[in-house]
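Two complexes follow with chain A in common, the first pairing it with chain B and the second with chain C.
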Partner chain A sequence: MSAEPNDERRRADDERRRWMGILARAGAAGIEARLAETAPLPPHTRLRGPETGLVMVRGRAGGDGAPFNLGEMTVTRCAVRLEDGTVGHAYLAGRDRRGAELAAALDAALQDPVRRPALLAAVVEPLAAKQTEARAATARKAAATRVRFLAMETTR
Partner chain B sequence: MYVAVKGGEAAIANAHAWLAEERRGDASLPEVGTDAIREQLTLAVDRVMAEGSCYDPDLAALAIKQARGDLIEAIFLLRAYRTTLPRFGASAPIDTGAMTVRRRVSATYKDLPGGQVLGPTFDYTHRLLDFALAAEGLTPPAAAETDPGEDAAPPRVTGLLAAEGLMAAEEASDAEPGDLTRTPVTFPAGRPLRLQNLARGDEGFLLSMAYSTQRGYGNNHPFVGELRQGDLAVCFTPPELGFEIEIGDLVVTECQMVNQFHGSRTEPPQFTRGYGLVFGRTERRAMAMALMDRALRAAELGEDVEAPAQNEEFVLSHSDNVEATGFLEHLKLPHYVDFQSELESVRAMRAAVEAERQRAPAQAAARQFETEGAGG
Partner chain C sequence: MSGLLPGFADPVADAQSAFRAVLEAMARPGRVQRLPRPPAPPAPLSPAAGAVLLALADAETPLWLDAGAEVAEWAVFHAGCPLVEDAGAATFALATGTPPALSSLDPGTDEEPQRAATLILQVASLAEGRGWRLTGPGIEREHRLQVEGVPNGFLAAWTASRARFPLGVDIILCAGDCVAALPRSITIREG
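Showing the complex of A and B:
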């Protein structure tokens, strides 16, 4: 019966993966605006960073073949620890050090099942909605440039 | 002989001060901000990121400002900056099939799932100067929006051909690719290293080499199977987490060139692909890269390697504009001692010729004629 704790673990990782991805795209200003609407985050100490480095971005030959190195991107990471020992991590594209520290602090706080619902509602979900809407707006603009071919007889 | 090379500090400092003044231009006009460069000179920013091989729009905009718009100088600045940063690791290969498409066109199928999406393109503009842009303060009307419907991500055109068995499949592989920023390239380099080199190669060089294949220097008869541009997530697995997370989005352009292949002893006649993938929206560069990828596959497809564009060593050794600029521009730096020795050797040769001529004028003239003839 070892499958059950594994499933539990996977579900927790999936949930954490989702908020980390949303926080990585939010930026310091976006996160701070949401934090203003909620109870203050628990105090944290920095374990590492925030520090900026590079991640080599890979593609695949032909889109689905062997991997190759496309080029690097700047990435900023941070790890923090809360007083109860919980460790939070952040990795985000770009050089937003403040954003990385806030995202790491949030990642730590979100791991606490007591704090989680309020933080998801006040911070993560509004940021997610904003990101989803930005993608939807891009899709709507693209859709407006989709060519509608007209056969000659229908244009008479 | 050791020559004293002190001096020039004041001249250099003054030259750089003048450079700063020239960079600023007329001080009575507003200064251009790096955010304005990032938002309004987007294709210049994209080129600097692609060839600087470092995705960071803010840094690319700063480099363009510092370089006074000299994009190769800006690329050099970005390459130099990246050497100061540690590398955290490599991303999972990006999934171009899952991108949020801004533009997607095919020259091989009119009607295809997902359709022809033009996106914000220069195509079909009349290339007439728009003097309205010279007047400031004009905000363009908002772009039109339409409900995209229920469409899933548009399928790859190469997939449509592969489903019919008409397109050579890519090798399914997760092999660790070589990295030319870590290990000098040796030949034959292989396709992953070629693609890395082309992705950061000089756009002008790639364009000219690709054009040469179209004009007949290398057997190539390409169609744009698909050109797509859009945003996609970058996934990375931090070792301390042990699971993959999204760290942000990239804008990339991908080009799948479809080329006829007559078949070989082991392969039936089918289409083969040339692949281009670049940071940003520089579509010309993605297309040129795809033509070059296909041209450089000549040897592996059993075709004759005759043209410069098919010669891996030639292309890979000359595509990098930072290397090329360094070697070319070093010529303007002081070569006083080198040149002094050349000067003395030419003077000595002239004196020897002159002495010879005075001893036997006719003989010397004949010898000099022979030398010139052989040299030409």
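Showing the complex of A and C:
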């Protein structure tokens, strides 16, 4: 069927989207700490950047209203090329130029199926676990301050 | 896989120096300017043509080109310009082989002649002091420019295009790392 290669493609895209997001949130220090324990990344040349600029964030009132400009945010992007021609990209919030270059180099290396499993296990998964934990910790803190109006009603 | 190559080594400063060279070339038609630090674009694009393209083209300038998929990918990635199939719809036309006829490019309108297309034409070589005799604004008496590799019938097409001034197409000639310009106000006579 013609749908199968499409599904394959979509799965690959989803997978890449996931590691790009994790690397974009990790920051230079986080990535470097993980890289210290793995084989060195293949050498890369910079195609563009790392450079910092602004992007307009747009929203829709209620999720389906007319689009409006919410505000600008600072974004740093980088594109690198490995010797075999593979191109890696990174876009991240803030001004972490080193982090953007590392994330782009990792994105390029992760596209190689031979290197991927080791890099996923050594770099991406630990970073993902850390980010999930940090999110859970914030959620717990927020949950602890939640006011239960129903409970107050019943104690009155 | 993608064979994407880097653009300018220093995007801001190198694009500015390329822009300056094009400005000098336009102000002194027929004088050859050397670009200080051009990029190394994919073949068959010359460094000068690549530099002019990256310095001038952006998201608001539709580009027509005949240099193949690799150059198209490079131009879109670094300049962010949209590509068009029809040379008449382009703001910049980049020709490494036979260029589209001058009459087929956008000559601007009487109200806005500045909206005309610019042809970036890659030629084999450029030399001052011999060849064509150029006269017009920016030239005190005459400048001589020898261009190797222009298509047959170019001078006749240029003379025809010159007749519709102030409409018309400006040309930037690129060879190696050198540029020279032929603004539409220039009259060319065979040397």
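Just so we're on the same page, the second predicted complex is superposed on the first by the 144 of 156 C-alpha atoms of A that agree within 3 Å, B and C clash if a C-alpha of one lies under 4 Å from a C-alpha of the other, contacts with A are read in each partner's own complex, and residues count from 1 in each chain.
We adopt the following convention: a residue touches a chain if its C-beta (ideal position, glycine included) is under 8 Å from a C-beta of that chain, and two chains touch if they have at least 3 such contacts.
The shown structure was predicted, so the numbers you read here are calculated from the model rather than taken from an experiment.
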| item | value |
| --- | --- |
| Clash-or-fit label for the pair chain B, chain C on chain A | fit |
| Partner chain in contact with A:Arg46 - chain B first, chain C second, else both or neither | second |
| Chain B or chain C, by number of chain A residues touched | B |
| Which of chain B and chain C A:Val55 touches, first, second, both or neither | first |
| First, second, both or neither for A:Ala93, with chain B first and chain C second | first |
| Touching partner for A:Gly65 - first (chain B), second (chain C), both, neither | first |
| First (chain B), second (chain C), both or neither touched by A:Asp13 | first |
| Computed vertex angle (chain A) for partners chain B and chain C, CA, steps of 10° | 80 |
| Contacts of A:Ala36 with chain B and chain C, given as first, second, both or neither | neither |
| Which superposed partner A:Arg81 touches (first chain B, second chain C, both, neither) | second |
| Touched partner set for A:Thr138, first chain B, second chain C, both or neither | first |
| Smallest distance from any CA atom of chain C to any CA atom of chain B, in Å, after fitting | 7 |
| Interface residues of chain A shared between complexes with chain B and chain C | 51, 79 |
| Complex contacts: residues of chain C adjacent to chain A | 1-7, 11, 77-78 |
| Touching residues on chain A, where the partner in the complex is chain B | 13, 17, 20-21, 24-25, 51-75, 77, 79, 89, 91-95, 135, 137-147, 149 |
| Contacting residues of chain B [partner chain A, same complex] | 49-50, 53-56, 58-59, 82, 85-94, 96-97, 100-104, 110-111, 115-120, 143-149, 156, 158, 170-181, 191-193, 195-196, 199-200, 230-231, 233-234, 236, 238, 240-241, 243-250, 252, 254, 256, 273, 275, 277, 279, 293 |
| Chain A - residues contacting chain C, complex | 45-48, 51, 79, 81, 84-87 |
